[in-house]
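In what comes next, chain A is part of two complexes: it sits with chain B in the first one and with chain C in the second one.
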Partner chain A sequence: MNFRTETIAGDVAAIRADGRLNMVSAPLLRQVVSDAITAGSVRIVVDLSGVDFMDSSGLGALIGGLKLARQAGGDLRIAGATPQVALVFELTHLDRILQNHATAETAYRD
Partner chain B sequence: MSRMLTLRIVVVLTLALGINYVAWRWLFSLNWDAWWIAVALVAAETYSLIDVTLFGMMMWRAYTRPAPPAPAADATVDVLIATYNEPIDLVMTTALAAREITFPHRTWVLDDGARPELAAAAAAAGIDYLSRGTEWIDRPRHAKAGNVNNALMETQGEFLLILDADQIPRPEILDHTLGYFTDDKVALVQTPQVFSNVTIEDPLGSQAPLFYGPIQQGKDGWNAAFFCGSNAVLRREALMHLGILGYVREVESSVRTALRDASRVVRGARRHPAARTPAVAHALTEVAAAIRQARAAIRHDEPLAEVTFALHERVDAAAAGIVVGEVTSLADDLRAIGELGGGPESPYLLDVDETIARLATRELSPFKALEAVRAALDTIAIDRGHEAQPVMPLATISVTEDMATSMRLHGLGWKSVYHNELLADGLAPEDVGTMLTQRLRWGQGTMQVFLRENPLLQWKMSVPQRLMYFATMWSYLSGYAAVVYFAAPIVFLVFGILPVSTNAWDFFLRFIPFMVANQLLFFVAARGIPTWRGQQYSLALFPVWIEACTTAFNNVVLGIPLNFAVTPKTRQAHTGPQWHLIKPQLTVMVLLVVAIIVGCVRLFVNGAEPIGTGVNIFWAVYDLVVLSVLFKAATYRGFTPEAAEEEHPDQ
Partner chain C sequence: MTDFDPTLALSTPPDDIDTVQDFVQRVLEPHTDIVGIDRISFETALVELASNVIQHAAAGTGITCVLSIHADDHELSARISDSGAAGAVILSAPSFPDDLAESGRGLALIEMLVDSVHFERVAGRNVWTISRARHPLP
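Right, the complex of A and B next:
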């Protein structure tokens, strides 16, 4: 699992995740989100297009990141979830809260 | 298998005889002239019949499991030792034993007391140490559930072995339990809690051999063995699954409530003098429209993160339209705010009725009126800001988080296992005060779960699973039945009032076979385990059970904290016998002795009816024998009088 953070569309930090977002990599994702916010990017999008497996700990890390971003006056959104990953959101009803955007680039295009 | 057959025959026999007896009691033998004691007694007997029915259902499937398969070699495990204020030596004894568990794992001390000495001792032993972070300051700590939830965010193992600080694990504990998890649906493996610092006589009734044995095995037979807080292995994914679902449910309901409250506050604010200023009026109109839009979006199932984000952006834009100068004498108001101090302390706690009432009385300055609107809007959040963590895997609805958590896991379709092998050596409380406090907590926690998430209404669990949880809750109502069982012989012997209206033959014919079958059922189910101590305590601790029920009711229904009724625990064991802790029982014993004396006088001097008097004297003597266990308990000095008192700052 690795995460790459890049700035897109001006002030949005895109975190690209690859591999398995599970109990092993979840703490790392929380750290990456926290680092991005500390660096001044409060508008975050996590690009899940490279994630082939996700468990409840991975979802927990997203929720933790969402909380950090909101408290910093920003937001955390998700993009590019594959059908398998989208299913995990549905099964836990987390799709009632987080919306999957088509791509990281369109996540903040309201 | 022949033992199971015998057991089932005895179950059927007991229930048949029990129904025969209790039905006859209701229909043909109630003494309506003394209805107050007659109905109380038959109600208590019905209670006991239901209790034994649930017990029989449990025993129906009380199998011993075959050995599990070998564990997956690559399983990752965190061993979590939860402590609050136990002595450092005790915690380290457990931690060092945990370090020596043979299956590869990582050991963590979870110190809710944040003691530097313990951190140092753990570090010296190469054991990881965790205490709560700053996010827990000024937020509910949720005792042990909070402690473990905090650790769940810091650790990564696939499985968690949870240990209380006074449960010293044996090296094979993981090798013998992890194999069950090769079934992907297994979320929990519970092993027994047995205490090594207890004599064979067990004066405080610490051992629960019937529970950690036939009862848990019977529940297991219905896939309803439950989590008992320690000596259990849990699957992280199952807990996190629970945590995520809980987060979603909590956020959905809190956003709905907060939106409704905010629209009421805005309505109140629009009637306030401040709203006469055109800019303010315009802003409030815009805020009201934004709230309406958000509520409509939620009705159309739009994701809550998007809805709340859009709402706050629109509100911020509206607020920017208010020019400060248009709000009169801002500086004065700012000063007034400091003096008022009555506003919500946290943006997540808002007393809506209070806020609206103050808006209506115009007691608030215009600036403060807008602040009230702002505070109401701030509660519309998806980060569960009133909690330290948005995701709380272990249930926090009860002081017995373990039972509540496993019930929710069962509701989600996860399986549990009870593995009946001694794999940890525990240390039990060694003074009667601590023991009573511990029993009270268990009773309170169980009744909190009963009142907050009644298992009978958890439609996702199977009917037997619901009944298995209900059985444990039902057993905590025994205090009320016990009062009747003590009162009935006293009432007869002293006043000559018999609650049963029948002749002796009819009574014995129905009662004695039931009683014999009932005892036989316990005997067969227990497989030679001593159960007398447990039977004594379940009756003798009746004031504790009653207090547990009333305080849990006051807590759940009336919102009174559990600790409001403080249990006497200030005096320690070494000050001598603890008679003050068992005053209700001593009173009952005195009454029983008086009743026996009066009964004898009536029998031999006044020529009272001999069979009824004899039965009631026998009954009273039996009650005294049951209660006599408390003499041993109150005078028990323990091995080490300073036994760690397990006490957490609960909700």
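Right, the complex of A and C next:
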């Protein structure tokens, strides 16, 4: 599992994830989100287009990141969910909390 | 398709959930007649279940477990037998925690992804079985 953080659209931290988001990699994602917020980026988008698998621990890390971002006065959004990731969001009803955006670049275009 | 029953013996550490998922994908990959929704639902349920087993053992000195997968024309099923302490898992109707909870969704998710989940204690081991009926090919 790889995470790469870059700044897009001025002040949005885009975290590009690749691989499986599971009990091994979920704590790393939590840390990467926390690092981005500490570095001053409170508007975060996690690009999931390279994540071919996510389980409930990955979901937990995204919720944890969302809470951290909100506490810092910002937000966390997701983009590019693949079919398996979208299924997990749908079954757990968390697609109401974290709506998927087509791409990281469009996630804050509202 | 031909019936198959491959088995993986797992020992954590050093094995982890990626070992399990590599095995599941390797087993299912050649079976192109398994439709997408059955494949991702079964794989997700099995990874959730194995994560649960590994996590509950992690507090101790690791765990040995045996995972077997069975598939035929009608269903996909898996059995995990582990050496962990007696599980105190109560399966009920699937229910999810608060929206902002960071854990506690695994078992409910498993119950939604497969048609049956069973747990029993057999000869000092925890034995889990899950099964999902297959959709016919479109």
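As a convention for this text, the second predicted complex is superposed on the first by the 110 of 110 C-alpha atoms of A that agree within 3 Å, B and C clash if a C-alpha of one lies under 4 Å from a C-alpha of the other, contacts with A are read in each partner's own complex, and residues count from 1 in each chain.
The working rule: a contact is a pair of C-beta atoms (placed from the backbone, for glycine too) under 8 Å apart; a residue touches a chain by one contact, two chains touch by 3 or more.
The shown structure was predicted, so the numbers you read here are calculated from the model rather than taken from an experiment.
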{"item": "Combined model on chain A: chain C and chain B, fit or clash", "value": "clash"}
{"item": "Contacts of A:Lys67 with chain B and chain C, given as first, second, both or neither", "value": "both"}
{"item": "Which of chain B and chain C A:Phe53 touches, first, second, both or neither", "value": "second"}
{"item": "Chain B versus chain C as contact partner of A:Thr106, first or second or both or neither", "value": "neither"}
{"item": "First, second, both or neither for A:Arg96, with chain B first and chain C second", "value": "both"}
{"item": "Which superposed partner A:Thr5 touches (first chain B, second chain C, both, neither)", "value": "neither"}
{"item": "First (chain B), second (chain C), both or neither touched by A:Leu87", "value": "second"}
{"item": "Which superposed partner A:Val24 touches (first chain B, second chain C, both, neither)", "value": "both"}
{"item": "Which superposed partner A:Ser34 touches (first chain B, second chain C, both, neither)", "value": "neither"}
{"item": "Offending stretch of chain B which, after superposing on A, collides with chain C (from 40-48, 112-120, 130-138 or 238-246)", "value": "238-246"}
{"item": "Chain B/chain C common contact set on chain A", "value": "23-24, 55-57, 59-60, 63-64, 66-67, 92-94, 96-97"}
{"item": "Sites on chain C touched by chain A in the complex", "value": "16-18, 21, 36-37, 40-41, 43-44, 47-48, 51, 54-55, 96, 99-103, 105-106, 108-109, 112-113"}
{"item": "In the complex with chain A, residue positions of chain B that touch it", "value": "153-154, 156-158, 236-237, 240-241, 243-245, 247-249, 251-252, 301-306, 309-310, 381-385, 389-391"}
{"item": "Residue ranges of chain A in contact with chain C within the complex", "value": "20, 22-24, 53, 55-57, 59-61, 63-64, 66-67, 83-84, 87-88, 91-94, 96-97"}
{"item": "Residue ranges of chain A touching chain B (in the complex, touch as defined)", "value": "23-24, 26-27, 55-57, 59-60, 63-64, 66-67, 70-71, 75, 77, 92-99, 110"}
